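Below is one structure. I have some questions about it.
First chain written, first letter: the chains are A, B, C, D, E and F, and each begins at residue 1.
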Amino acid sequence: MIDKNTNLLVVSAHAADFVWRAGGTIAKYAKHGANVTLVILSYGARGESNDLWKTEGQTLENVKAIRKSEIEEATKCLGISNYEIWDFQDYHMELNEERMERLVRKIREVKPHHILSHGPTNAFNPDHESVYKYVFDASVLSTSSGVVLEGTTVAKQARLFGFEPHQSEISNFKPEVIIDITETFEQKQAAMNCFKAQPHLIEYYALKASLRGNHARRCSGNNEYKYAEAFSRSFPYVGGEFV
Amino acid sequence: MIDKNTNLLVVSAHAADFVWRAGGTIAKYAKHGANVTLVILSYGARGESNDLWKTEGQTLENVKAIRKSEIEEATKCLGISNYEIWDFQDYHMELNEERMERLVRKIREVKPHHILSHGPTNAFNPDHESVYKYVFDASVLSTSSGVVLEGTTVAKQARLFGFEPHQSEISNFKPEVIIDITETFEQKQAAMNCFKAQPHLIEYYALKASLRGNHARRCSGNNEYKYAEAFSRSFPYVGGEFV
Amino acid sequence: MIDKNTNLLVVSAHAADFVWRAGGTIAKYAKHGANVTLVILSYGARGESNDLWKTEGQTLENVKAIRKSEIEEATKCLGISNYEIWDFQDYHMELNEERMERLVRKIREVKPHHILSHGPTNAFNPDHESVYKYVFDASVLSTSSGVVLEGTTVAKQARLFGFEPHQSEISNFKPEVIIDITETFEQKQAAMNCFKAQPHLIEYYALKASLRGNHARRCSGNNEYKYAEAFSRSFPYVGGEFV
Amino acid sequence: MIDKNTNLLVVSAHAADFVWRAGGTIAKYAKHGANVTLVILSYGARGESNDLWKTEGQTLENVKAIRKSEIEEATKCLGISNYEIWDFQDYHMELNEERMERLVRKIREVKPHHILSHGPTNAFNPDHESVYKYVFDASVLSTSSGVVLEGTTVAKQARLFGFEPHQSEISNFKPEVIIDITETFEQKQAAMNCFKAQPHLIEYYALKASLRGNHARRCSGNNEYKYAEAFSRSFPYVGGEFV
Amino acid sequence: MIDKNTNLLVVSAHAADFVWRAGGTIAKYAKHGANVTLVILSYGARGESNDLWKTEGQTLENVKAIRKSEIEEATKCLGISNYEIWDFQDYHMELNEERMERLVRKIREVKPHHILSHGPTNAFNPDHESVYKYVFDASVLSTSSGVVLEGTTVAKQARLFGFEPHQSEISNFKPEVIIDITETFEQKQAAMNCFKAQPHLIEYYALKASLRGNHARRCSGNNEYKYAEAFSRSFPYVGGEFV
Amino acid sequence: MIDKNTNLLVVSAHAADFVWRAGGTIAKYAKHGANVTLVILSYGARGESNDLWKTEGQTLENVKAIRKSEIEEATKCLGISNYEIWDFQDYHMELNEERMERLVRKIREVKPHHILSHGPTNAFNPDHESVYKYVFDASVLSTSSGVVLEGTTVAKQARLFGFEPHQSEISNFKPEVIIDITETFEQKQAAMNCFKAQPHLIEYYALKASLRGNHARRCSGNNEYKYAEAFSRSFPYVGGEFV
């Protein structure tokens, strides 16, 4: 059903966020020929590479190099050929005016129908909350003619979808959109396996996919859904009929 | 886009609720050939016919008769051929076990993909809140094999959508689903005009349709939306792609 | 400032609720000549007379008799001459259709500008929540011409204000309206003292009046407020200027 | 750590609720010698026995008989010797004054320190919401001397904990209390296996226990937690130190 | 009813915000002789002048010049003689310590009873949220003796009222205060017409005024209210009687 | 019951916050031999020393000197020997990357089981909200191996508890944890008396301790609780049994 002309922009705060939370959905868009663009803001070297730092004499450069090759592998698993790593510092990630302009430019270049990124609240992860605001504001600025950036033309307001945070309830997450990923779950599994240093997350997000599959079946009465991913949305659904 | 095989069940607490809040959407489903079934629970004779009672010597029977003919006219305007009036007392509407069974039967008969009725909260209108719970529970009971009702077979869980209440914010309403009704707005206007005794509502819901049209354009970037209706939903969207 | 033509209807679930939560405000309305009508739904004999039941051989009749004389005393302290005790059973209080009609009649008789009663949520006190819904619905039904009750004429929609519950935060109470009771605090104190069997509440609600006085000063910058009572409200303020 | 003198009362709306949502915790209390009392309000014959009704010619009596033997087996797995089945009708469960009195009596008999039952909201399951209110109100009435029931003495206010509902986020569930069930997870697994007709739930609640184990580790930094169950609570924690 | 001695300070993020959201109310205060001071923080040249940028070769200076003359016209329509444009950059508006001091000085100079500005949440408009926090904090700092600013004396805590955002429900807006603007609606209409480049907003906010008029009538029972504006408030109402 | 090996870190935005909101609890931990570390971020010279500024010719240095000696006295009353004053500017308090690192270092040094500081929302006090985020983020960063700070080793995730704000309800505060301070209330009283310039707060927080004592009794049925302090918590309780 996914239209080949769909432009999907994914903005991931750290190296692996896009895999844990949306790997199946991204793979599905890629598989069906949509234009997927992935921006990874940081290697997550400071905040999300705990196991790598257990190695004696570990350095920031080395952690980044490892994360870089893991990202490369994982994007292959998911069928993403178009990605960029912006190498911001994480934990804390500072998102200033220059970085805002960079993302506005990217949105105007990609002209995404959907932007997939972090949601507004995320217990235990302050970077994710900053990135939510960064992406939200950039999406609004990208539509405004008065925000003049040479070489760009304004975009239409994209739909914004938010990743499920690690601990959903205490992050006030509501699953507003549940996407069936049965056909790409194996790709997600493979992509998760690229991040060898985080075995507990590999298991955790496989469980989550099963759980959301259960919810998908229960809410829809459609028993073909085995695995799913859940997302929040920033704006109401607007369209021609009930979905 | 609306599929002819779609079964839409509308449950309206009072005579005109389905017109003010969803007339354009219902007309659209009817126009595109979907199977629309409308259940009107009461004539709204006690709670929503204020102007009729200003007539000297007014009686309950007469109010009901007037409401009945208005309903008949309005359904014609919207293209609804299949409707029933259950004639419950309103203000308060008591919804007992027998009435629950009646609605479960109706759901199992219609096998609706979507049920459109009142939402969970409605300042100033206690019947609407009761009807929400009534419809919600009936939709769940209709899916349960153990709720044995002779002559019926269980239904799949329907999607539940909630009407916009009159004062949206103080009723905690969020517009989660906005349906473009540009192509049927005139039919809605005509249907509203059938309820002559409530001119202030006719004007009010025309304004609302304009406002929601504005929101539809702003949220989607699609400038062809002129008029729209907003709804809440009881369960997450589940499907194969972002919408 | 209180207008003599103001009609204030107070509906108290149990014997002493109106004193603990609103005694100062009621006394103020009475003192300034407003028309105060108090309806006490029950003696609170089952749920709010714990200390009286410690007496060996205590009976329901005797508890009611004691509560009755306490009410009489307390209303005198507050300057309330017009009150009724409807003697419903408490803990649980059942509020059926007949009782609804009785309250609708009372509202149509009093034509209150303000109705003061319990708020929507009240941890530890299920009767208070039932009474909130009872009063709310009665206030709406009282305005509807179709709710025909011989000998009555419809009322305008009254403003509804809700008592502060005992444990405010876990009852989701927000102090939306804070009334200065400095001039009648002594009367409230006296009225509270009538309920001798509940010394812990006498102390507690004196503390509360001080606390709310502090909030009143902090929110307004007016240092003359010493004691205050806080209320929720069911509808927005509507008027000609900011207050 | 669990004190042998702890009285735990569990109130389960349907046959298996106490197993899916709290089996590990209950087993732990039983294992450490606490006094566990289990009240099962219904067999869940109408609402939670879907697979059993697929058998040609199935009857209500037969479904109840099967459920009864499953309950017997499951309680053995969890080490619960003290349980009662009250055999109310489910889907809908009506909870009248007489049934209220019955539960108040039970609470006064057990004098529970903790009552474990359903939480306030539960999408897709109206019985669970009714039972929450039923248990909450009964716990309050049980402490009131004026609620005179021959042969009983008043109880202290019990702590109330709420089961995790099936779809936590859309039921507004927050995991306020997470109990480590690593030592009794196998017993829970065994008890779940007794309900053979619901294999999807057996898998689902094993996944949930893993997920909550992950949360338990992340929130506490204690890596010995493998499996856990999550609960809501109705009142604040009160005690002598931070926990 | 509006007292001539009332000091009203309005803080508008962009050129026209004060007109769309509060033009009728401001005009009313001006008409009744109150002291109205208007601070416009930016021309809204980048974020709220989309149509002007459609002109070939448009420049920032020119957009500002157009906005300036529109502001001048609009203030005349509303009867505001006392206004300042601070010419901050918009989209994003940065509000640093120096700008904070400037607003604190202004508040101490004006000594407002009421400050009217943006509310806490505003979907699609990040500047409005920043301005809310800016004004809130400035209002608090202005009351603190330790915030020493030469040539100023501390102010009393002002009441803070928030504009209705464009899409109220998804911005979590609640209409807590509804002001009747029937007598100044024509002035508002005239002021809106000054912003010729935004015809869709002119129509939209006229509809809104009608809608809020409907709510004002419904909540108060006063049928003389034709047009109204809605606001949020940051603190409870504090006073001597119910309003 | 308090374990001598407990490490408690208290972070107070201004000079006296730790006394008003948590003095009894801190004194209790100190009395029972726990390791209490107190960090006071500012003297509160600008925002919370209003009365001192009424003295003619007052200076910032002098206000700080007075606050310093009050702090010294108060810590003695509470039995706190280990405290630091970081002397940040207050009203507004800017919390940059360097200050973040300082707090991360402190947390890694103290290795607190519990961190006690401000909660997420605080009407009228913007510094408190900033400090909440500062402490929360520092607690997360302190656990991450990739946040390399020479001379430190990572900490386990501490439990985070939030002070009760001055106006609890409008700050969305929920009392999730209520600590009995009956045995140290006199010490708290003494410590409060050290801040002579704020007599209204001394009275206010004594009242609060009584009120929370009432709630503690009501929620627990334990009548030995006379005085208590209430806190919010940032994460669920995790443990081996219900508490």
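One rule holds for everything that comes next: a residue touches a chain if its C-beta (ideal position, glycine included) is under 8 Å from a C-beta of that chain, and two chains touch if they have at least 3 such contacts.
These figures come from a predicted structure and were not determined experimentally.
K.L.:
Which neighbours does chain D have in common with chain E?
P.N.:
The shared contacts of chain D and chain E, listed by label, come to A, B, C, F.
K.L.:
If you take the chains that touch chain A and keep only those that also touch chain D, what is left?
P.N.:
Under the touch definition, chain A and chain D have B, F as mutual neighbours.
K.L.:
State the chain with the largest centre-to-centre distance from chain C, centres being mean CA positions.
P.N.:
Farthest from chain C by mean C-alpha position: A.
K.L.:
With over half of the numbers shared counting as same, classify the chain C/chain D interface as same or different.
P.N.:
On the two sides of the chain D and chain C interface, the residue numbers are mostly different, under half being shared.
K.L.:
When the C-alpha atoms of chain B and chain C are each averaged to a single point, how far apart are the two points in Å?
P.N.:
Centres of chain B and chain C (C-alpha means) sit 37 Å apart.
K.L.:
At least two partner chains per residue is the criterion; list those residues in chain B.
P.N.:
Those would be 124, 157, 170, 174-175, 215, 218-219, 235-236.
K.L.:
Sort out which chains touch which and give me every pair.
P.N.:
A-B, A-D, A-E, A-F, B-C, B-D, B-E, C-D, C-E, C-F, D-F, E-F
K.L.:
Please output the residues of chain B touching chain A within their complex, sorted ascending.
P.N.:
Listed in rising order, the residues are 1-2, 8, 28-29, 113-114, 116, 143, 156-157, 159, 161, 174-180, 215-216, 218-222, 225, 228, 230-231, 235-243.
K.L.:
Give the list of chain F residues in touch with chain E in this complex.
P.N.:
45-50, 52-54, 60, 63, 91-92, 94, 123-126, 170
K.L.:
Tell me, which parts of chain E touch chain F in their complex?
P.N.:
Chain E reaches chain F through residues 97, 100, 133, 136-137, 140-141, 144-148, 157, 234-236.
K.L.:
Please output the residues of chain E touching chain B within their complex, sorted ascending.
P.N.:
Counting only chain E, the residues touching chain B are 124, 166-170, 173-175, 200, 203-204, 207-208, 210-211, 214-215, 218-219.
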